[in-house]
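I have a structure I would like to understand better, so I am pasting it below and will then ask my questions one at a time.
The first chain written gets the first letter, and so on, giving A, B, C and D; residue counts start at 1 in each chain.
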Amino acid sequence: MQKVAFIGLGIMGRPMAANLVKAGFDVAGYSRRRESAEDLLAAGGRWAGSVTAAVRDAHAVITMLPDSPDVEAVALGPDGIVSNAPSGTLYIDMSSIRPDVARRVAAAGAARGLRCLDAPVSGGERGAIDGTLSVMAGGAAADVDAARPLLDAMGATILHVGPAGAGQTVKAANQLIVAGNIALVAEALVFLQAQGVDVAAAVAVLAGGLAGSTVLTRKASSMLAGDFTAGFRMELHDKDLAIFTAAAREARVVTPLGGILAQLTGAACAQGDGRLDHSALMRVIQRLCGLLP
Amino acid sequence: MQKVAFIGLGIMGRPMAANLVKAGFDVAGYSRRRESAEDLLAAGGRWAGSVTAAVRDAHAVITMLPDSPDVEAVALGPDGIVSNAPSGTLYIDMSSIRPDVARRVAAAGAARGLRCLDAPVSGGERGAIDGTLSVMAGGAAADVDAARPLLDAMGATILHVGPAGAGQTVKAANQLIVAGNIALVAEALVFLQAQGVDVAAAVAVLAGGLAGSTVLTRKASSMLAGDFTAGFRMELHDKDLAIFTAAAREARVVTPLGGILAQLTGAACAQGDGRLDHSALMRVIQRLCGLLP
Amino acid sequence: MQKVAFIGLGIMGRPMAANLVKAGFDVAGYSRRRESAEDLLAAGGRWAGSVTAAVRDAHAVITMLPDSPDVEAVALGPDGIVSNAPSGTLYIDMSSIRPDVARRVAAAGAARGLRCLDAPVSGGERGAIDGTLSVMAGGAAADVDAARPLLDAMGATILHVGPAGAGQTVKAANQLIVAGNIALVAEALVFLQAQGVDVAAAVAVLAGGLAGSTVLTRKASSMLAGDFTAGFRMELHDKDLAIFTAAAREARVVTPLGGILAQLTGAACAQGDGRLDHSALMRVIQRLCGLLP
Amino acid sequence: MQKVAFIGLGIMGRPMAANLVKAGFDVAGYSRRRESAEDLLAAGGRWAGSVTAAVRDAHAVITMLPDSPDVEAVALGPDGIVSNAPSGTLYIDMSSIRPDVARRVAAAGAARGLRCLDAPVSGGERGAIDGTLSVMAGGAAADVDAARPLLDAMGATILHVGPAGAGQTVKAANQLIVAGNIALVAEALVFLQAQGVDVAAAVAVLAGGLAGSTVLTRKASSMLAGDFTAGFRMELHDKDLAIFTAAAREARVVTPLGGILAQLTGAACAQGDGRLDHSALMRVIQRLCGLLP
């Protein structure tokens, strides 16, 4: 049975690690707080007392951490993965971080004989629990193939999108489009409500044509109901748009909508809505219109 | 057999009028240029020499015209519909125009005993030919019911979305979301191409998650191929965003994305791309990035 | 003594008309409410019971009205200036309105033998009282020369900027730059306050370099003090930016900053600050940052 | 005679170092390329073979470098200032860099007994040559006083704006306002040109009112003439706006105009205009309007 180290047992990491156990892997987990490992232990996994202990004899290492500095610390620190995992280990970072950091980690790992992938996901907590995440993987094709049994245990769609960093690049683009769709739907809903339109009928007709989107189908009714319980937290989406705009700037890509969207998620966080669902961009629009206190 | 006057035999109006004939209506058509009536005549319809002649004994009148001033002229002018159609006539304007003009036409019609609907459509030339348009109708519920046999001949989804003007309001929101989705997909594609990502794989993974949209599914590959043959012309979409931003302003709704999108479609037209498909917003982004001559 | 009809005795029109009396003109005033004429009567002017009565025997007619529709009604209505002023009369509209309306009024006036100018002003209530307004005049050079004795009584700087409509065009550009400078100073002040900088010293150093502007010199300290008593009302500036963006669109000029500024003044009005000074754009930025309730 | 180490002899540093020599200081200069020191040597200064050699016995150290990483390397590297300057040395960084880096350098310096100031400047090459720069200094008041003889030799206005990092914060705000004013003037000029207005007269009237600014006075005529020889290079202004938007984000300040301006300077660089004067933002607007090839 293949040994897997899983670092980062948060809202996403917990069910992902449990799904690996269910698929027959021997999973040793580590997280900052030991309590986070309870689900993993219940599923039949083990607790590793430290990153070093977790990775020392692993065939594969997976990280699922909040932000770029976390991955840098866990991957590149003296007690971290690159310094302590055996040569030949497959290291898959599934966090959403900056593409340039992903490329740096991959280069450092390669220098020590690790086979590194950046493989961020979409699909949210629901997809993590159900094992139906979409995985966008960057790295060598052979390493993506080697990782497939692991990734298949956690996701429904596994796509190799390019070399190191490409997974994070695609994830950044994903977050641009999602934030943009939420903001567009928010502007449209506030506009329709202000005009005395039958909004439910309007949403039905919009969803059926070229304006249709997954955001409109899944999020419009909770947005209209003012239900913004996360879900995917605004503050994480704000972080992701900072990643997107920085990566776009680095690549000399001009993004008029990306620029304004980063301001809007920033406004949501500054206004105290950082822990609400990202669909709470609607509240920024409502405040701009004087419709919220 | 019910007599229908159909004014405006352009790219959309021509197949719509022909579909009414096929459904058994007696259609008298009028357009500025007589040649535009050829399809209608071939289908079994008649040519009316003028608006006045077309509407004088009609049970129902339909207009499908380019812009607000056209509807104002045809509906409210001395030789127009309101002054010449018999009291009780059902008047359905299916053009995409300003909601305030739609409300003004409805009020003028009501004062002369007409039953007025604003019923713009989405679905494009394809939907007009196939009779699968989506129709968003504003006006009295009883009048929408009365119009349903006519609308069913042209569309697949007929929804009553509110009082006079509501159809145009929903159409304006539709055009906001469509333009926004095109621009988001354009920014994402230019970003992905600049980064050496496998863009086809990336589009597949984006389409499968919360970033999914009809625009992404239907338009991304032609945008990547640089194929911008219309389709729905940029200059019409630019007009529609002017309608949206004016209606939003009138309703005191702030639309950060709407504002920037109207600038981008304006740029496309100023750069000479007004007659290309609206997905040519991609070319505006490419020019901003110095990627087009 | 030359007879002048002055229509529109608001905050600006009142002192302007009084300055004409002081300069020796025989001024007959008209406004919607008779009370508005008190200052004019006290200065030695006369009350005209109607527009028709005011203009019938005038050598020159001046209008100073809130918005485009007001000018259209007073200039082009059946009881209005164009129909009732003698041929050869000089008609100077000093309101801030849409350039295309100014051109339409000028054409209608010319058809009846009037010599028309659009001559909007900057300088505010203070400049109107002190007779130090800046006047940007559009029309024929000879007519500007003929109007100069009148304009000199009200303003300190009189510039002929082009043909009919040019005055309004320049005024629209003026309002773009003023709103933009206010917004820039607002963003800078909120940023500096958030960082624990000595803001007074910072403003001094900013004002002395390439960042210097009249807005920074005249408005920064009241903005910092939260004093937003008008002054020039936000709702009028919002109207002016709608004029600018519409005129830019008509001329196929893309204005990224103009587009966002119109959204920001719209937000200020929607948030209930329409009657505050236009420098209250600072409150929109503060609300975006969660700094105001 | 007080010994001063001057690191960074570029377009700005060269004349600044020479002015220190003229004021009677004993200046030892260092730059990556020895040729850069020629002006300093001609003025009577000395060449220091390395940073270490330059700072070892200096009473004061000044750096004038392109960007944050350069300052980090020179200040914090093993052969750098903090490790090699004697305790008690005054270290003044006059580069324009990120406020957080300035605070980090100040903290590292303080830990080794250095007295650190961040003191970026405005005024450009002209001000550097003439010794008329504006200096915005962050740090302890006593250290600003101690630095004043040095700063007076290079600048005309020396202002203490707050604690460590405050100088960079004010400089970032300065760059926001300057870029914004350039973009506003560019939009206004393109708009006025498109309308057949007498643009020179229009600029005169705009400059005299609330729209007046140093940018309008100093830059409008060269912008109209299409003369964009630097001056201050676009690519540096683009870097500065990245600093501003990152610092604003860190401080939870929402900057709608800052966001769009960073996109516009990014577009200018992507379009190949990075080495032109920053007033070439006008070319971005002209390209958006289809007015440049």
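One rule holds for everything that comes next: a residue touches a chain if its C-beta (ideal position, glycine included) is under 8 Å from a C-beta of that chain, and two chains touch if they have at least 3 such contacts.
Given the structure is predicted, the values throughout are model-derived calculations rather than measurements.
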Type of subunit A:subunit C copy interface by residue overlap (half), same or different: same
Taking each chain's C-alpha mean as its centre, the one farthest from subunit A: C
Contact-richer chain pair (by C-beta pairs counted) among C-D and B-C: C-D
Subunit B-subunit C separation of Cα centroids, rounded to whole Å: 38
Whole-Å gap separating subunit A and subunit C, where each centre is the average of the chain's CA atoms: 52
Where subunit C and subunit D are represented by their mean Cα positions, the distance between them in whole Å: 38
Numbers and ranges of subunit B residues touching at least 2 other chains: 252-256, 260, 263, 267, 270, 288-290
Residues on subunit C engaged by subunit D in the complex (per definition of touch): 99, 122-124, 134-136, 157, 159-163, 165-166, 169-170, 172-174, 176-178, 180-181, 183-185, 187-188, 190-192, 194-198, 201-202, 204-206, 208-216, 218, 244, 247-248, 251-258, 260-261, 263-264, 285, 288-290
Subunit B - residues contacting subunit D, complex: 256, 260, 263, 267, 270-272, 284, 287-290, 293
Parts of subunit C lying in touch with subunit B, wherever the complex brings them together: 242, 249, 252-256, 259-260, 262-263, 266-267, 269-270
